[in-house]
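I'd like to ask you about the structure that follows.
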Amino acid sequence: AGNKSLMMATTTSTDNTGLLDYLIPHFEKETGISLKWTATGTGKALKLGQNCDVDVLLVHAPPAEKKFIAKGYGKDRRQVMYNDFVIIGPGNDPAGIKGKSISDALSAIKNKQAIFMSRGDDSGTNKKEKILWKNAGIQQPDKEKWYVQTGQGMLATINIAQERNGYTMTDRGTYIKYQSQKGGIAPLKILVEGDKILLNQYSVLTLDPKNCPNAKYDLALKFSNWMASQSTQNLIRDFRLLGKKLFTPNAK
Amino acid sequence: MTKINLTYHLKNIRHYYGNTKVLDIEDLKIEKGSITGLIGPNGSGKTTLLKLLAFAGRPTAGNILYNGRQEFPFSPTIRSKVTLLTQKPYLLKRTVFENIVYGLKIRKDKEYLETRVKKALSTVGLDYQDFAPRKWHELSGGEAQRVAMAARLILKPEVLLLDEPIASVDAKSAKLIREASLKARDTWGTTLVIASHDLQWLYSISDRQLSLFKGNIFSTGIENIITGPFEKINGESLVKTLGDGQAITLKGPAPKVCTAVIKKDSISIDLKKQAGDSGLNQLSGLLASMLLEKKSGHIMATVSIHDLSFVLRLTPDKISRLNLYPGKKVILRFHSNEVEWI
Amino acid sequence: MTKINLTYHLKNIRHYYGNTKVLDIEDLKIEKGSITGLIGPNGSGKTTLLKLLAFAGRPTAGNILYNGRQEFPFSPTIRSKVTLLTQKPYLLKRTVFENIVYGLKIRKDKEYLETRVKKALSTVGLDYQDFAPRKWHELSGGEAQRVAMAARLILKPEVLLLDEPIASVDAKSAKLIREASLKARDTWGTTLVIASHDLQWLYSISDRQLSLFKGNIFSTGIENIITGPFEKINGESLVKTLGDGQAITLKGPAPKVCTAVIKKDSISIDLKKQAGDSGLNQLSGLLASMLLEKKSGHIMATVSIHDLSFVLRLTPDKISRLNLYPGKKVILRFHSNEVEWI
Amino acid sequence: MDFIVAGFIKAIELLVSGDSSTWTAVLATLQVSTCSMLLSIGAGLPCGFVIGYFDFKYKKHVRTLLDTLLALPTVFIGLAVYAFISHQGPLGEMGLLFTLTGIAIGQTILAFPIVTAITASTIENIDQDLKLTLVTLGAGKRHIIATCLWEVRYGILAAAVTAYGRVLTEVGISMMVGGNIKYQTRTVTTAIALETSKGLFADGIALGIVLIMIAFIVNLSLSFLRRQ
Amino acid sequence: MDFIVAGFIKAIELLVSGDSSTWTAVLATLQVSTCSMLLSIGAGLPCGFVIGYFDFKYKKHVRTLLDTLLALPTVFIGLAVYAFISHQGPLGEMGLLFTLTGIAIGQTILAFPIVTAITASTIENIDQDLKLTLVTLGAGKRHIIATCLWEVRYGILAAAVTAYGRVLTEVGISMMVGGNIKYQTRTVTTAIALETSKGLFADGIALGIVLIMIAFIVNLSLSFLRRQ
């Protein structure tokens, strides 16, 4: 094709943190392929892939991704990087979860009926949160008074948690942004972190040409390879948001 | 042969608003180049008839032939040849000039507009310099009426229908409108139908007068209408007693609608009562006005009898003989048989 | 003492639309319980004056005293006591009944509405059963006019201003409206000011007539107005030549506005020309109409001289003597000094 | 394409099955839109009347300003209201954030210029003769307002219906001020936005249809006010 | 509260500094809104005229339907348009997804009922005497449409301005159909949504002010059409 261009659907976190604005110019310079992206919820991103409206996906919801491939929509799932999730809450920590294991923390929140904000939007983050409840042996809350589902993006959910003095689970990147917006003295603090289960894996998916013959499979593969290349992985490692390291490259 | 000169031929026209019949005309012919005056009380159907003649709507039943052919609203013939000055003239939200040329522009006739507008305005007695640039709302009632008239005259229509063209117009302008109407007929052969409550004016312009009453048409011109209720006496006489004690006695079959028409030619005038048979009505009243009917040289006289008005036509001779003048006491005389019931 | 009986006293009223002066009244008094007729050609300022009298607007300059006090638009006195029948009557988008009671409802006067509406409608000759439930648009032009009149009469106002109340109304209704107006004055002491182009009707109802011409008022009633241009002859005579060759000669200072007023009382009528000084105008014309002025028993005669109309007041005596009737050739006579310039 | 068909079926399911999250959203939507419409009509009709009826010096400027306010983005209004009622804002004490009342305030701001502008332009079209007739029949200022508005009732209805459509479909204010909290401040529109972001397009369509049905029922019950 | 003030300052900065992402978004907004307004007026005026002018059997029903369409949620329209122009949709071949043209199509659907409904109710108010006058002056159907619309031009202007406000501020369609692609399909409103979701409220306010300024300039240049 004369104009080598690629359309990508991705999640808001990669866009909002500024990672793409940082990476993509490198990609375009090195390969001569121009890349446009639309940032949406993970669910909608996968849907756009399923409908062949984009050529490549960059998302973070491993179970949904696997299902996507199993259904024959996608191919070549390639893990490229991860960051992690943390539980944040008010400084005075009314449920006393600081330092606890993730399952104990959630139980404490439930027992104290402390306000907990869930995104409730089926995003990668929300899906992870549901797994955590399950792991803690707690039936998925829904209509409970203390369990508030915002149906909004991460930052909006954090802001609501702050207004309501509640807990929430967030990816670290968004928390850093939130912190910086509050001038470093954010009312909500990180209370639980570091558990292995809190890892947040990002992968590149190409679309199965059998489902989407018009999608630019070869260019998508090029992008996938490029993301996994050593130089790109170094770029990702060097990416800083407000002076803090955000993503850990882990391409194999 | 006969049809060729008919502009309109109405056959069995009935028109309803909802369930109310407002027009019922069996047969009406209007000749090319004639001027027809339409007379009738409020609500008698003048406006309705004019709208039908303008093909601005269809009659509920019946046919209207125009130049011998049945025509319909929006037909090109009608659109370019027939125009109606509505009773409540509506001016477009533009200048007077634009209002007057609107019809011409529709006809894609765009030559010498200024000259023609100047002429049209002067025909209705308005000054071009002063009025052409005015906005539609910067006019007095009569001025607006005359602008609307000018907008019709400039079209040189084949048929010009005027619905109370002088209702709010001053005497001088009424004269101008009469002259313009006559000129339209004489120079362009325009057929005119004009509704008006100003009988003197209407008589001075029209060749023939039609009286409308409750949707029925009387082609002999202005007539004297006596509305009920009547009292029935002896099975065949109907009597209306006036407030001053006088009574009118009429003969006829038991009427349901209770409205009597007495033609003006059946009425005679005198100064004193005479002996006569019991069927003769002799009513005393006051001569209220005398108007010249220019064409015939006759005089239309109005006589007030208590709260009724009678109209009759007199010769100058008769007037001289009886030394009549407005204010004089007179006797009207007509026979109880000389009546039509509607 | 004198002021107490004045409903209106207008002082130095000037009214402008933009830069055009349309009203210029130095001093005008209207007495309580009087009926004033307003005459004047289209655009002379009748509607403007009535609007000012109704306090529907303020004059550009000058004061209007109402019952001796200066009043302003929306003052409670005015709102409840003065009402105007507008030239283009507007009906609210409701039933006829609702239209008629609107003013009463505003005044929180809600008793016996049905009876009163029935009465008001019958005063203007409309049947309650038939008309009260009709929607505003289900009326003919004259019926709408009469409904609007009924809506004013039902208010029993202190001042009733009527702007061409019989413009599209039939003869019978015109009579009814006259009677209703007179009754309002007689029973409630209402002061009336009425503008109309129907001089006969206006003379039959009004105590006094005011002529308006280009915003100037002449309190002696209907006058004969001769508009320019005039030709100047010998430095002091002004001559208007008519289309039929006759000429009118007037004396006066070089007039800028070029409009002459000749009072009807300065004009005499005859059958033949007489010898007279050179200042005497003797014009031959046709007697066009004769109307009874009910109150005085005099007769208003209109004489057409080519395209001018002259009005003069005659006694029955004089008519008998000269054997006058409409259509007769007559001579009008007036002196060239008997003129006012405006 | 299929999801549109699926959406129609789902819409019926949602309503028939009495899905509680749908029904609470419907209720929330009705509550806030009714409240904001009442407020904006109450304020907008008199304002629109004054602007349309009277001739004053800066009328044209006021009209331009009003027309500009028709283009207030909902997110902008949402942010502005948020600034006032968030805990740090001047009205923070009132606890209006994340409540239906907060949304209603924002939507009133949204609807007010629409009601006012359309009312004003309808009133401007009023016949001069109507004004004169009312004044000369002795109408006071309140009567003039009431009667004029009643004379142009179809235009006013159009103003209200247009504003209602705007209020019913706005997302920005509900999202920002209400927070889209499930079972509490989630309205039908924020629910649509959520389902769509989840990629559940059929659910989005279904909720959209639910919203349109609300509008339909409201308009149907208003249609008796229409000219026959 | 501070972010509102900060937003005002930032708005000026953005415009003065010639920030390229702002300016491309402004340009995109102007392009799509102009295009959709032209289309919706072109289609809406005649439709509104026909509905308002003529008396036909199901007029009331059509009006109710039209009023209901005023409450079409933008996300719903966005989804529906997406269904057609997505690669798997019937018009997928035309490549309209993620283009300004796609947005314009959606916005036309949004604006059309507004223009039509307000035009219809304005035309309904037309004096019967105007109709009669036009017919009797010999106006054909096209003349009647043109003249009637011109007679009520202030009402039509109100219809257009209201629809314009709606189009200018909508997010749902631009987001769904346009995809908010930076430098390409990002409009001012989707940019506001983005900044707000990033928590950059001041930037959101700033862009909101930019949008209002666009509306102001457009309305100012329309105001010469207004009654003096």
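Every chain is named by a letter (A, B, C, D and E) in the order it is written, and numbering of its residues begins at 1.
Definition applied: a contact is a pair of C-beta atoms (placed from the backbone, for glycine too) under 8 Å apart; a residue touches a chain by one contact, two chains touch by 3 or more.
It should be emphasised that the depicted structure is a prediction, and the values quoted were computed from it without experimental measurement.
Listed here as common contacts of subunit A and subunit C: D. Common neighbours of subunit B and subunit C (chains touching each): not present.
The count of contacting C-beta pairs peaks for the chain pair D-E.
If you average the CA atoms of subunit A and of subunit D, the two centres end up 36 Å from each other. Rounded to whole angstrom, the centroid-to-centroid distance between subunit A and subunit B, based on C-alpha atoms, equals 88 Å.
With centres set at the average Cα position, the gap from subunit B to subunit E is 54 Å. Subunit C has residues 88 in contact with two or more other chains.
Counting only residues that touch two or more partner chains, subunit E has 88. Residues of subunit A in contact with two or more other chains: 152, 156. Across the assembly, chains come into contact as A-D, A-E, B-C, B-E, C-D, D-E.
Of all residues in subunit D, those touching subunit A in their complex are 86-87, 97-98, 175, 179-184, 186, 190-191, 193-194, 196-201. Contact residues on subunit B toward subunit E in their complex (touch as defined above): 51, 54, 56, 73-74, 79-80, 82-86, 88-90, 92-93, 102-103, 106-107, 151-152, 155, 161. Those residues of subunit D lying in contact with subunit C across their complex are 127, 129-130, 132-133, 135-141, 143, 147, 150-151. If you check the complex, the residues on subunit C that touch subunit B are 17, 40-43, 46-47, 87-88, 138-143, 145-146, 163-164, 167-173, 175, 197-200, 286-292, 297, 299, 307, 309, 316, 319-320, 323-328. Those residues of subunit A that touch subunit D in the shared complex are 40-48, 120-123, 142-143, 148-152, 156, 160, 163-164.
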